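Both complexes below contain chain A, partnered by chain B and then by chain C.
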Partner chain A sequence: MNIIQCEELSKSFGRRHALQRITCALDAEKIIGIIGRNGAGKSTLLNIFAGYLKPTNGSCRVFNENPFNNIHTASNMIFIDDQLSFSHYLSLEDILKLGADFYPNWQNDLAYRMLDYAGIDLTLKHQQLSKGQSATFNLVYGLVSRCALTILDEPMNGMDEVIRTDFYRAILKEYLAFPRTFLISSHHLQEMETILEEILLIDEGTVIAHAPLDEFKEQLVLLNGPSEALAELLSEMEVYTQKTVTGTTSAIVNARKLFVSEEILRTKGITVSSLTASEVCKYLTSKKGRDIDAIFD
Partner chain B sequence: MHVHLDGTAPIYIQIAEWLQHEIIADRLQTDEKVYSQYQLAEIFNINPATAGKGLTILLEEQLLYKKRGLGMFVASDAKERILLKRRNEILTKMAQEIVLEAKRLLVSDEELLVLIRKTQEGLA
Partner chain C sequence: MQSLTNISLNTIVKKQVKWKAQLYISALSSLVISQIIFGVLTSSTGSGSSGHGGGNISVQFSDYSLDIFLIVSVIWAFIVGLLFTTKAYRMDDLSVISSRTSSAIANIFVMIIYSFMAVIIIVSSYYLQVLGVSFMEKKFFVIESLFISPSTLIVCFSSICLFGAIGLLFGTSFKGPVVVKIFVLMFMLLALLFIFMSPGSINLMPFIMLPNLMMSVLNLLVASLCFSLTIWIANKSEVSRK
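Presenting the complex of A and B:
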């Protein structure tokens, strides 16, 4: 079942095109990573899903309705980012009480246990928290609300590595306990890729890939071997980047256009290795022929 | 229980291999119920769909069988079939790699055989 469906969705801010003709359908009850470079349009897209922004063109349907200004969306969805604002007058404890009143599946005990674990004092006010503590509190708030659609926009920004690792596991455990749709955007793809089921890769306002994680990773491979042996092979392939050091060439190529078996390659001294999801993202979204080295030449 | 995954192979393949390893080591025996995809997700800190893909590989090779509503169980000849397959596929591939590496390092055939024999004696 689809929880979100977009057709030809575009969003412009003045003359700037943030999103261009996005068509995608997201299944319910999956953990989906929304990945892209800075300024790719991830947050704009998530804000449209949440009903906070109106598309300029095209349609977006969430729970089969237009999400903009929609109470049905608002009561079944939670959107967590670092701009989430709470009352300046309430203690964290009181903020949790209000959450419990609004969200029917709210887990108050769990909120207390997680915040105690993170060492956050509930008598404080939200604006008194450090950047990392505030991110932790917001993420806990998003998890314990147990909304059918949970959108986490860069939820781990400002959190230290230990707490990030803990909370990726917390997201997974909450998902196992109470399956729901998680959309998570992050710059730390490597840290969260094991808990993802799918990835939606956005670049320059368009969707350039939407696939199960393994399939996504398998689309590029790294070839390594003697330069003469590789040269002929590479001339017929889609090469993303290549480097030669002392007669050995390594190249990242499109795996779908590699028609030679691994056994045959091995006899020529060429090895095939897989990449991590974040490496695949990097090569799919970097401009071909552009390299940081080039500006120093 | 916490098991660490760090191979370069896709995670679902690593899960399938781990389960086969458990069967070879008799930690999962014939007709015993295997972990569900949700238990595997919890153990390895991975998405349950990925764990499910690992289980499906074993199911398709008929190393596991399904009982409706009860889960998956170890097939009676699973252990022998895994051992046979490993001998045929993995050991052959490893031997290929050793021979190629020996060639690159200019190790003669006799030297390589001596090395293997010595290694065997060392482990015996």
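Presenting the complex of A and C:
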């Protein structure tokens, strides 16, 4: 069952087109990664899902309703990002009381245990936390609210590697204990790959890929072999990147357009390797002909 | 799929009012402080004074009334109304279940509760001032009436409410859709032009001279209109944490 449906969704801020004709449907009870480069439109899309922004054109439906300023959507959704703020009169303990008062599925004991594990003093104010502690607290707040739609926009920003690893596990554990839809936007795709079921890749305001993780990773492959053997093959294909060192060429190509079997390629000395989801994202969204080295030349 | 929760707008507003009324309490302490300052500043003259002299006799009349406290309170209410709509407060609303509509309605209720408390504060300030002056300066008092009439209290309440409502509307307008912002700017520009072009044409005396009850009803009617417009604009407003 779809929890979110977008049809030809566009959003502009003045002359800037943040999102352009996005059509997608997201299933319920999945952990979905919203991936894209800086300024790709991820946060704008998440803000529309959360009902904070109104689409300029097209439609967006969350829980089969228009989410914009909708109390039904709001009561089944939580949006966590690094801008989450609370009154400076509240200690963290008071904030947990506040959350318990508003969210019907709130897990207070779990919140206490997780914050104790993270070593966060509950007598502090939210504004007194360090960047990493604040991100940890926000994530705990989002997890223990157990909303049907949990949106996490760059939830691990500022956290150290150890706590990041722990909290990816915490997300997974919480998901298993109480299945719900997680939309997670992050730059740390490599770390997140183990918990994601689906990826929605956004670039320049449009969805360029939406697939289960395994299918997504299979989109591109790395070909490696003698330059002469690869030259003819690459001339007929869409090549994302190519490097030649001492007669050996490595190239990233679209796997769907590779019509030659692996066995035939092997006979020519060409090997086919798979890529990680993070690498696929990198090559799908990198601008052709752009090279940082060229700036310094 | 896990079952969705159905929480009514009513329930959310009640919860928001409960938390906001506690968290914004510093607004009331600022009113108490400003009332004390103005109470002390006007302790020798009251809200108005006049003097008469003849031969060796000089008589100084000082009139102590609620006026100065009410003026301070309405300015306070306008500023508090504006503050409730600032980004920091709106961002805090996004951290719990809320919509712009629920937040606007909750702000209105908090404004009404605070207006009621402000009336208690100004009456207390008034009595404290009179008591203080009578003890400190040993002046002769002519007390018209020991108790402030309920109709005066209602005028105070409705006036504070009205200015709070204007503050809320003003603040919400500038966070609303572009059309509303342009309309408000145009309205302000035209109003300023009108005031400068023909300052004599604005006469508030007929309004001030209205009977208490009439003035209260008029205040509350305009306040209701401002509150309704606030909800209408909030309902159309976008919000973003970025």
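A few remarks follow.
The definition used in the following text is that the second predicted complex is superposed on the first by the 295 of 297 C-alpha atoms of A that agree within 3 Å, B and C clash if a C-alpha of one lies under 4 Å from a C-alpha of the other, contacts with A are read in each partner's own complex, and residues count from 1 in each chain.
The criterion applied here is as follows: contacts are C-beta pairs under 8 Å (C-beta built on N, C-alpha and C of every residue); 3 or more make two chains touch, one makes a residue touch a chain.
Everything numeric in this text was worked out from a predicted model, so none of it was measured.
Steric overlap between chain B and chain C is absent once the structures are superposed on chain A; the two fit side by side. In the overlay built on the shared chain, the residue A:31 is in contact with chain B alone; chain C does not reach it.
Using the contact criterion defined above for the overlaid structures, shared-chain residue A:190 touches neither chain B nor chain C, since it reaches no partner. Touched residues of chain A, counted separately for chain B and chain C, are more numerous for C. Residue contacts after overlaying the shared chain place A:248 against neither chain B nor chain C. Within the superposed three-chain model, A:59 lies out of touch with both chain B and chain C [touch as defined at top].
Judged by the touch definition given at the top, the superposed model places A:127 against neither chain B nor chain C.
Remark: in the superposition on chain A the angle formed at chain A by the CA centres of chain B and chain C amounts to 150 degrees, rounded in steps of 10. Judged by the touch definition given at the top, the superposed model places A:169 against chain B, while chain C stays out of reach.
Residue contacts after overlaying the shared chain place A:108 against neither chain B nor chain C. Annotation: superposed on chain A, chain B and chain C show a minimal Cα-Cα gap of 15 Å.
Overlap of the chain B and chain C interfaces on chain A: none, as no residue is touched by both. Within the complex formed with chain B, the residues of chain A that make contact are 30-31, 168-169, 172-173, 176, 194-197, 212-214, 217-218, 266-267, 269, 273-274. Contacts from chain B toward chain A in the complex involve residues 5, 8-12, 38, 41-42, 44-50, 53, 96-97, 100, 104.
Residues 1-2, 4-9, 12, 15, 18-19, 23, 26, 88, 91-92, 94-102, 235, 237-242 of chain C are the ones touching chain A in the complex. For chain A in complex with chain C, the touching residues are 1, 3, 28-29, 43, 47, 51-54, 63, 69-72, 74-76, 79, 81, 83-87, 89-90, 98-99, 101-105, 141, 148, 178-180.
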